[in-house]
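For clarity, chains are labelled A, B, C and D in written order, and residue numbers in each chain start from 1.
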Amino acid sequence: MIRFESDYTEGAHEKILEQLVKTNYEQTPGYGQDVHCEQARQYIKKACANDNLAVHFLVGGTQANTTVIASVLRPHQGVISASTGHINVHETGAIEATGHKVIAVASEDGKITASQVKNVYDAHWADPDHEHMVQPGMVYISHPTENGTIYSKKELQEISAVCQDCGLPLFLDGARLGYGLAAPGNDLGLPDLARLCDVFYIGGTKVGALFGEAVVICNDNLKKDFRYHIKQHGGMLAKGRLLGLQFETLFKDGLYFEMGEHAIRLAMLIRDAFTRKGFNFLYDSPTNQQFPILPRSALEKLSAKYSFSTWARIDDEHTAVRFCTSWATQEDAVKTLVEDIMSL
Amino acid sequence: MIRFESDYTEGAHEKILEQLVKTNYEQTPGYGQDVHCEQARQYIKKACANDNLAVHFLVGGTQANTTVIASVLRPHQGVISASTGHINVHETGAIEATGHKVIAVASEDGKITASQVKNVYDAHWADPDHEHMVQPGMVYISHPTENGTIYSKKELQEISAVCQDCGLPLFLDGARLGYGLAAPGNDLGLPDLARLCDVFYIGGTKVGALFGEAVVICNDNLKKDFRYHIKQHGGMLAKGRLLGLQFETLFKDGLYFEMGEHAIRLAMLIRDAFTRKGFNFLYDSPTNQQFPILPRSALEKLSAKYSFSTWARIDDEHTAVRFCTSWATQEDAVKTLVEDIMSL
Amino acid sequence: MIRFESDYTEGAHEKILEQLVKTNYEQTPGYGQDVHCEQARQYIKKACANDNLAVHFLVGGTQANTTVIASVLRPHQGVISASTGHINVHETGAIEATGHKVIAVASEDGKITASQVKNVYDAHWADPDHEHMVQPGMVYISHPTENGTIYSKKELQEISAVCQDCGLPLFLDGARLGYGLAAPGNDLGLPDLARLCDVFYIGGTKVGALFGEAVVICNDNLKKDFRYHIKQHGGMLAKGRLLGLQFETLFKDGLYFEMGEHAIRLAMLIRDAFTRKGFNFLYDSPTNQQFPILPRSALEKLSAKYSFSTWARIDDEHTAVRFCTSWATQEDAVKTLVEDIMSL
Amino acid sequence: MIRFESDYTEGAHEKILEQLVKTNYEQTPGYGQDVHCEQARQYIKKACANDNLAVHFLVGGTQANTTVIASVLRPHQGVISASTGHINVHETGAIEATGHKVIAVASEDGKITASQVKNVYDAHWADPDHEHMVQPGMVYISHPTENGTIYSKKELQEISAVCQDCGLPLFLDGARLGYGLAAPGNDLGLPDLARLCDVFYIGGTKVGALFGEAVVICNDNLKKDFRYHIKQHGGMLAKGRLLGLQFETLFKDGLYFEMGEHAIRLAMLIRDAFTRKGFNFLYDSPTNQQFPILPRSALEKLSAKYSFSTWARIDDEHTAVRFCTSWATQEDAVKTLVEDIMSL
């Protein structure tokens, strides 16, 4: 069985393991206040071309989302999200567990638009009973989205502008950010995110780290006391250096970007194969997740040899599935898959 | 500077790193459902001499405490804890953040007694206005405590009996369990904990793992849906195998116990040195944390060469401090320290 | 200005005021443990033809909803509700503030169906990642709904049966229950609700009381410790007798039902007038809320003399509005309105 | 049985009932936006000699405390309170249910001091691990306290000054404020409270209203969006006029102050009687709650004829009890009690 079911099936890039072994007996202070965390912060600020950032390292995505959102909102506020957003669907109500409603807006492909945000905001304040409703307090987007799609710079600029007009901090979930940065057609870099978002995170778990997400706070107003929030949400790793040295390794020499490119190159091979065979896709994804719609026979054939996710039933005969590549995907595995697709 | 400030200054036991490297390219399912987690569960059940246990792996201690407690209590209930308990003092209100009061009972040395638990319970139910007060809903103890002390089997049996009488689940925080199991005079083993507690955890972070705590649920009533709670609290590591392989390594051949013994042997050397020089201790600790009370001059001399924690001011001339040993403490470092103590 | 904007524009039925004055200097114990509360409980049990009920009196609807739902759900569970449900839209996120997601299902007219409930339940448990999602933990319906519609006995039986099959407690919000009981075509009585629901409440605020809702818990499993929850949510009135004597008055001689009938009779006069003039309605409501769709000219004419709510924009020329009657509505006011409608 | 067990055994002052009856058929908007609420706000601002106040009417004390505190604190903050404070003891963990720790400081008589507040604040910020602890975020005091004691102007000025220095909003719970204002020796008026506190509430429930507390927000920073918080906590009464007309009546012509004086005059008669007979008191209370320490024989004799609360066991032979007077206490009842005390 060759696995394309997710982008977290392997451990970590070997350079990370090397660093782990190499630094194992260093004695460092705990809780993210060691030299590796500090060095990683410097590398990330440099990659963002922005010195005025607060960078924190958290263990996982749900934790990062919950900690950021709970730290920003007041009790009567909610967070606007695509209905498909990870916080709305796949975090077991972690946001609600901190007291806040996820204000879901319809999305077909995982993205939302500036005008959707504006509409929610306007509808709230236009209602004479607005005090009886949850007040929109921030905006959450994923990039790439859970469906593999990405925002263009223009789209993100528009959302950012609406957010600023409305006083809504903009939070970008970058669990798979490395794959978005390397996507064909992408025109957004880290400096853009640091300029257009109030806070975002750079995902490590799905992009070559053992685990870990780097939360980058750009808006000064959101920086205060953030470490208390991390601790309260169980995200302050005693041996914080483990996070520091991973991001140090990822951002020292561009490894993070290289791994993104590797995964995208392989994903595009898969996409091309399905396309050439005339299959349609559920979403038009330029990233490491590909969602071809398979007829029953193709599904059965590929299932025998490959693991991948069933995503959505299209009709009695067709199912949308998900193939993931990652930093760890073997070129040979993809070549074999491509051959099998072409001979369907 | 030789560091005795905490038991989490280094990485992990080298056998863990070896396993990490060795298994790095295995492809496994995520979220704790891989073979390493399963194997680790088997080893832990065996060490507990009990097959009817649910074992879950979480990333850290605050997370383990919060997840367990929030999963057990109903909204109007609180958790009884020593005033010195980690959940009452050092988790940034994580328990309260899930809606529950920590019902603190006075403790000098970190321990509480069966009769203190009974008194809180009786006082609640004897009050005609008890519905206006937080209902005691469970009991939390640390073993070893935050002050290095340990419960005897008799003490734990008494607490367990009261808890059972009162219908209060008993939760034991074993962040430093390995050091308690190896302490001179300890008569509690893992099978005792599995029999006397409703739920407990075996700490990895402070006992040789990179990170990770193994939550062991003994009471069938507390097992249901626990994985939802882990996910909601951000504790479900995507690459759950990282936790599995660590506990697999720790419990396969007794490594967990060996490391505890190593740290205790060295801690006793430090204790003996201070004792022989006539120093008193703030707590009578048989574990890896030692709390000698130092006069100013001794404090200054030792500070120049060693890092350790300031714990409490005793009077103008004396300060209680904390020296920690761990699985990683070097015998040479301790010998040097002992010499320096003896020549104070 | 004659007001039809809501069913809480006046104080209370004069019999309630009489009782308030008459009992003013009685000395009673607090917090709902007085003779009036006890008497009211007896009357309500009798009206429900069921002795095995726990009856509690709370101040308002949001409080009743929040207290009931928070007392039932475990932390990882959510409550299924119509997207239009009061808890999903008009309680400023009170449910989320207790940590729980409102799992909204689409509804055009305020009602949901047994099969919608079943679908949510089945979809959750069919998903291999269900632990990453909020678990459906109970079902909330309003009767009458926020849109004036009512459930038939058959519909409620079906929902109740699905709930029982799925282990989902069924909670019925009866803020306007008196108007539902008196609606033409209604075939549900209080004994039916006590048999088919796990918990429901009988609304007083909108049906002739100054304030107050009687929560009726039918399922023994939900009764335990409910008074703690009331207190925690700020709903335990010190002078609980105020609630008791109101429900005593409402249920002693059928006053509650009479007031419902009064309001419905007048609402039907309004409905008939609009119908005869050929207006359509946004919802087919047999209760005290009527939602005619008015062309601009009619809207302007009626606005000059009557207050009513704007509900929804239909198109450039048409607006759906809401006229409410209540226990306090004057027959003359309605007759005048009817004349004005007929001469539009 | 003559009842001195609490100050909420009767209904309301008859002038309030008169207003209730008189205004019953007025049609008003809901949710606190009617003319009676507005008039009451004006009267209260006048009584506070301060126009820049936001005044909101809530149903009860637990609700007022919870709503205010939850609206002020950020998630990682707690509220400093006397260990005896109502929020720490008698609200079923309502504050914790909103996610916040009550940081209890020791108190014998219900009061805390400016230096206690300063010490908590300093201890927090002096600790190098302060991010692992709940951050003090505001201060809660009761006046009169739950033990009948009151703050002097000097004491309150000192607390207020420390709060301002530390950036801790000061919240004063005035559930029995009317009895404090009328206490012998009191030198604090409403204008002082409006100047020295950031937010306080004027209790109605225990001082002649049917129910209701007037929250007065003095600090501009705490005013924003407060109505959302009221709604979320179930405190926004649909017929908000009921609260408005009560406070209108209480503050129109000084009725609130008169009732306070009535209760205090009678309480002092009881105090004098016990004092003359040589009884000691548990607390030195100049307000409507008196806490004499009774020997067994006296306790038994008085119990036969009067209801009062048992407060604390002193020793085998002595018990501290509580006698309450109120706006409704009958002079004859007190005279009879005094005679019975004198003949003990």
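By definition in this document, a residue touches a chain if its C-beta (ideal position, glycine included) is under 8 Å from a C-beta of that chain, and two chains touch if they have at least 3 such contacts.
What you see is a predicted model, and the numbers here were worked out from it, not measured in a lab.
Peer 1: Figure out the least number of contact steps between chain A and chain D, where 1 means they touch directly.
Peer 2: 1
Peer 1: For chain C, which other chain has the most distant CA centre?
Peer 2: It is B whose centre lies farthest from that of chain C.
Peer 1: Taking each chain's centre as the mean position of its Cα atoms, how many Å separate chain B from chain C?
Peer 2: Roughly 50 Å, centre to centre.
Peer 1: How big is the gap, in whole Å, between where the Cα atoms of chain C centre and where those of chain D centre?
Peer 2: Averaging C-alpha atoms per chain gives centres 34 Å apart.
Peer 1: Take the average of all CA coordinates in chain A, do the same for chain C, and state the distance between these two points in whole angstrom.
Peer 2: Centres of chain A and chain C (C-alpha means) sit 42 Å apart.
Peer 1: Among all residues of chain B, which ones touch two or more of the remaining chains?
Peer 2: Each of 75-76, 91-93, 97-99, 131-132, 228, 231-232, 236 in chain B touches at least two other chains.
Peer 1: Name, in rising order, each residue of chain B that touches chain A in their complex.
Peer 2: Interface residues on chain B, with respect to chain A: 3, 5-6, 8-12, 14, 17, 20-21, 23-30, 59-63, 66-67, 91-94, 97-98, 205-206, 210-211, 228, 231-239, 241-242, 328.
Peer 1: Can you list the residues on chain B that touch chain C in the complex?
Peer 2: Residues of chain B touching chain C: 31, 70-71, 74-76, 98-99, 131-132, 135, 225, 227-229, 231-232, 236.
Peer 1: Flag every residue of chain B that touches chain D in the complex, lowest number first.
Peer 2: Residues in contact with chain D: 75-76, 78, 89-93, 96-102, 129, 131-134.
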